[in-house]
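Should a chain be cited, it is by its letter among A, B and C, assigned in written order, with residues numbered from 1 in that chain.
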Amino acid sequence: MIRRLHVGPRLSEAAIAHGVIHLAGQVPENHPEGDIAAQTREVLGHVERLLAECGSDKSRLLSVQIFLADIADIAAMNAVWDAWVVPGATPPRATVQAALADPRWRIEVVVTALQAEEQAR
Amino acid sequence: MIRRLHVGPRLSEAAIAHGVIHLAGQVPENHPEGDIAAQTREVLGHVERLLAECGSDKSRLLSVQIFLADIADIAAMNAVWDAWVVPGATPPRATVQAALADPRWRIEVVVTALQAEEQAR
Amino acid sequence: MIRRLHVGPRLSEAAIAHGVIHLAGQVPENHPEGDIAAQTREVLGHVERLLAECGSDKSRLLSVQIFLADIADIAAMNAVWDAWVVPGATPPRATVQAALADPRWRIEVVVTALQAEEQAR
């Protein structure tokens, strides 16, 4: 009844039940040296790739929680975000400041989304 | 399959799927100069109004995440909260400290709730 | 349509709808004097007990949000976590730093999980 993707010993990158997808917190693990814009692009790319694997896409986001290591990064993050979201299908979102597991990471994003109908059956 | 309310270019205030409502983080945007009690009242008012638009109400909360800019505000926030919740229908809740997007905001609240049955059909 | 457990005047420890369980933030309220390992064990014990009451278990976690008062505790927290999770059924997880309601608490954990099939009917 639960489908999990990229199952590791500590966490899975995704869990799906009743057509609802829960993603692990996505972080800029590939390029932690990037600035907030680059890190945001990387993280949203992880979200997009995982949603595709789960049979969904960024037009089907249900909720997004964004943690920024420095809330002062919000304008630069929003510039990347605004260009990424699908007009007319933007999700509920909350953005707060929180120190993250790696001090180089400036952003972590937690997403829930809905599977496409043909996948949810 | 997803119904969205108050859809903006950056986020929507609500997304509904399978009868479950996800609200954006609600903040005291109208009266950011208020103290924690006034800000909490404003934010819970936003929640109540949005839930009504979604075909639900505060007796049907599924989970609530509260972020306080200063965790020392928790007692004053709780006084407003305790008077607002429906006895016998209080939700699971978590409250932690986090700096918020506007330095005047002392509280942000993220809610999920269930639609009333006649709405969910 | 919503079943709630341990309903208090401020919050409930669990709310269940459509087979999905939402737990309140679990904290080391019994032994706040413990170190991060002891506090993590206590909190995960609370999660396990509540999931059992809800007709679920730690193999059916859908998402986990961990707040640490000091993100430097993550390695010691992970050591307890890694021994607790069910291999092959690890959940999506996000871990960030946040000050908690009691300054002695070093960890708070927010969980969603799926009921077992026979319970969800």
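We take it that contacts are C-beta pairs under 8 Å (C-beta built on N, C-alpha and C of every residue); 3 or more make two chains touch, one makes a residue touch a chain.
Model, not experiment: these values are computed from the prediction.
Q: In terms of residue numbering, is the interface formed by chain A and chain C classified as same (over half shared) or different (under half shared)?
A: different
Q: Roughly how big is the turn, in degrees to the nearest 5, that lines up chain B with chain C by CA atoms?
A: 120
Q: Starting from the mean Cα coordinates of chain A and chain C, work out the distance between those two points in Å.
A: Result: the chain centres lie 21 Å from each other.
Q: Tell me, which residues of chain B touch at least two other chains?
A: Answer for chain B, listing residues that touch two or more other chains: 18, 20, 65, 98, 112.
Q: So in the complex, the part of chain C that touches chain A is made up of which residues?
A: Touching chain A from chain C are residues 18-20, 60-65, 71, 74, 78, 81-82, 85, 87-98, 112, 114, 117.
Q: Spell out the part of chain C that touches chain B in their complex, as residue ranges.
A: Residues 1-2, 4, 7-15, 17-18, 20, 22-25, 65, 67, 98-101, 108, 110, 112.
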